[in-house]
Amino acid sequence: MANQLLEVKGLDVFYGDAQALWDVSIHVEEEAIVALVGANGAGKTTLLKTISGLILPRRGEILLSGESLTDLSPQEIVDRGIIHVPEGRRLFSDLTVLENLKLGAYVPRARPFFAESLERVFSLFPLLKNRKDQKAGSLSGGEQQMLAIGRAMMAQPKLLMLDEPSLGLGPILVKTIFELISTLHKQKTTILLVEQNVNQALKIAQQAYVLKTGKILMSGRGEELLVNEEIRKTYIGERGIKR
Amino acid sequence: MGDLGLIAQAFVNGIFFGTTYGIAAIGLSLIFGTMRIVFIAQGAVIVLFAYLCYWLFTLLGIDPYLSLIPITLFSLLLGAAFYYGLFKEAAALKDRIGSLLIAVGVMFFLENFMTVVWSPNPRGVVTSYAFYAFSLFGTNLTLTRLIGLLLAVLATFGVFIFLRRTLIGTAVRATSEDVEASTLMGISPNRVNAVAFAIGIGLAGIAGVNLATTYSFDPVYGFTFALMALIALALGGLGNVIGALLGGIILGLLQSLGSYLIGTMWADAICFGLFLLVLTFRPQGLFGRPT
Amino acid sequence: MKEERLAKYPSNLLKPLKSFKFKRNQIYIFITLLVIIAFGTVPFYIDVDASFFAYYLFLSFCYIVLAQGWNLVAGYTGQISLGSHAFFALGAYTTAIIWLNDVTKTWYYFDPLVMVLSGIVPAIFAIIIGIPLLSRLRGDYFAFGTLAAAEVLRVLIFRGGDFTRGASGLRLPSASFVSMEPYYWTGFVLAIFATAAVYLITKSRIGLALKALSEDETSAASHGIHILQYKVLAFAIGAFVIGTVGSLYAYYLFIINPTAVMNLNWLFLPILICILGGNGTIIGPIIGAFFVAALFSYADVYLVQTHPMLSGILIILIMKFMPTGIMGLKERKWFRR
């Protein structure tokens, strides 16, 4: 039906001599939200880092619209439109909000559209506009997450990869974040979402993968996995509250 | 008034020399901030440029402040060459000893190269106007030292503007804070590192000209100078251009006043002692942000 | 990220020789004995005074001791020390001061008591600076801390009045120089001593514990004060070893001043030797010492003018093309930039 934007095939990733991912394969359809869930240390961040080029896989392929990514540098991968928002946001706390956003549009592909992207981000996140000359480190947790996502949007991403965006945020903010992700989805952004908040993630995802100790345990449509017995027991708990 | 005049003189000298330490420290800060490399050869490089300035003056009659132009250009190129030629691989490794040793190697090579080419005898650049001086409150402000001060302040200002107002300058600051995150923005670490190195050595070029016009120097002076720059950096704190300059000035004052009061060697010892104290109890420097 | 820890390069310099098969063990012992006998009998078939080769061997022995001393610190504190020249100088000065002030009433050189004392003084210095530095500083900061401490020492030596005679230094009567033989023997014995000491410490429980601790500080943290004690101990023993070769060199040089015994060569030589010789073994520093001694004694004779530049180029070449050995290459493979 829709095109495969991202295809990961048979990935084996090692840290030194320790294997972190075993034969991992996932697809991300264009304009979809794909969720990647699993416990701490299951390898979700490793997978994202491999896709964004920070880690070299030992075996396997990564294709973006058919083009192989494995020989490209991280900079080239960003220039192709794959934007990775890392776990813990990793903002430049000494730089202002505006400077962080400027760097978001650093790549040649995104730079000509800087003004346009900035407007779009400010309309998505009015509070960032208010704080544009404040140092990023002085923002609250929720605001920082907005900035991180806003910064990623500055690069006009083809594929937006979010690593645990709801981490460390209170329930209201978590709701806001997921609403935001839905909005972005409606604006036709393809999203690969890594989350520990399995309940929320599966609710908004069209497709989902469950990762366990470096291997894909199961995959399927979001709504299917949401009602799956095993998943509910292991990751969601009896009353649908995040474990 | 005599004694007070001498102290005032030492004070003034301290500030002048301190600003040169300061820009050397800024160079170190840029290189360390982006690549976590302690470029211990900074002092030797400064002396090298002092010798070049000396050469241009004695062989070609070029005024030292005019020679700033070719020297600064050359220093920027040399900095980039240092990075791509020597430090690129080492910067990427986690282990810090490799880059430290390469810097040591550069220092040794340069020191001995200069000894061979220019002999161990001290040199200095003495222009016709070198002895113009102004008198202020009983202190002697020589023209060359004033110009040196001006150059240092301008250079600091220039770097400051560069880091704040240009995109690549912002990228340098970002990389200094978090390399991985900046890589995820599509910022090429190599380019940023090369720029940082180029500016670092460029500052060394300016410091070299300052050194040549205001003091005498010999090939082995580089090591002491590098240590001073390091102390200035420790005082000023990382990631803080103005802080590094201030750190340099404080150090210059300490050394100068100390030399007047208790002798050069003991003053130096106090500087090293202060270095140890700062390292131990306040590693972020006097002006830096706590890590 | 926890996976991308700092590669504690020097901790690999000393791997315990644990898993040994009986036969292999025997062969190593045999070879070691052979080598010892070979070197030990050299003065019997070579005229030590006339032979350049003997001088080269003497230099190698000195370098071995120097390297093993530094190696001990790097391996067990897990940190690079930039203070070897301070320990070396202290050893040399102690010997000179003892002789000139007739402290031990010895009338001959190479008195073991003097050499031991020459090792103890640097060890005390190491304890004094080691306690604050090792308890609070890491990595680069520690390295520069040792460097700064060494520079303070330099000032103390320059301003030591009659005791150290500042820049001109102390002189031992060179008339006592009779032959190279005792130098050769002493150097040889010291080299064996140093290597054996390092080896024994490696195999002792303290050594193994320290090594495990230096690789994973967090688990060690729960043991609190003991780590610091062992680190300082390692630092002090390393200083002791370097001090003894400083003493030997004092007998050799006769003139002991900061330029001769505290120049930066004595700082970087042990580091260069250990890195060149390779990580992970006790043999490494020995091989490195022979190699570097060869280079330097050759250059001293044939390339006197440009010889010092060699050291600089050498370090650069080594660090560029054989940077951190196996650890470095491994790191590069999965974390690329």
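Residue numbering begins at 1 within each chain, and the chains themselves are lettered A, B and C in the order written.
The criterion applied here is as follows: a residue touches a chain if its C-beta (ideal position, glycine included) is under 8 Å from a C-beta of that chain, and two chains touch if they have at least 3 such contacts.
Remember, it's a predicted structure, so these values are computed and weren't measured experimentally.
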Central subunit by CA centre of mass proxy: B
Farthest chain (mean CA position) relative to chain B: A
Centre-of-Cα separation between chain C and chain B, whole angstrom: 32
Length of the line joining the C-alpha centres of chain A and chain C, rounded to whole Å: 51
Between chain A and chain B, centroid-to-centroid distance (C-alpha), Å: 43
Junction residues of chain B, two or more chains touched: 183
Chain C, residues touching no fewer than two other chains: 331, 335-337
Multi-chain contact sites of chain A, meaning residues that touch two or more partners: 54, 73-74
Partner chain B, residues of chain C touching it in the complex: 4-7, 9-10, 80, 132-133, 136-137, 139-141, 143-145, 147-149, 151-152, 155-156, 158-159, 264, 268, 271-272, 275, 305-306, 308-309, 311-316, 318-320, 323-324, 327-328, 331-332, 335-337
Residue numbers on chain B that touch chain C, as the complex places them: 36, 38, 86, 89-90, 92-102, 104-113, 115-116, 183, 189-190, 223, 227, 230-231, 265-266, 268-269, 272-273, 275-276, 279-280, 283
In the complex with chain A, residue positions of chain B that touch it: 167, 170-171, 173-174, 177-178, 180-188, 239, 289
Chain A - residues contacting chain B, complex: 52, 54, 73-75, 78-79, 83-84, 86, 90-95, 99, 102-104, 106-107, 151, 155
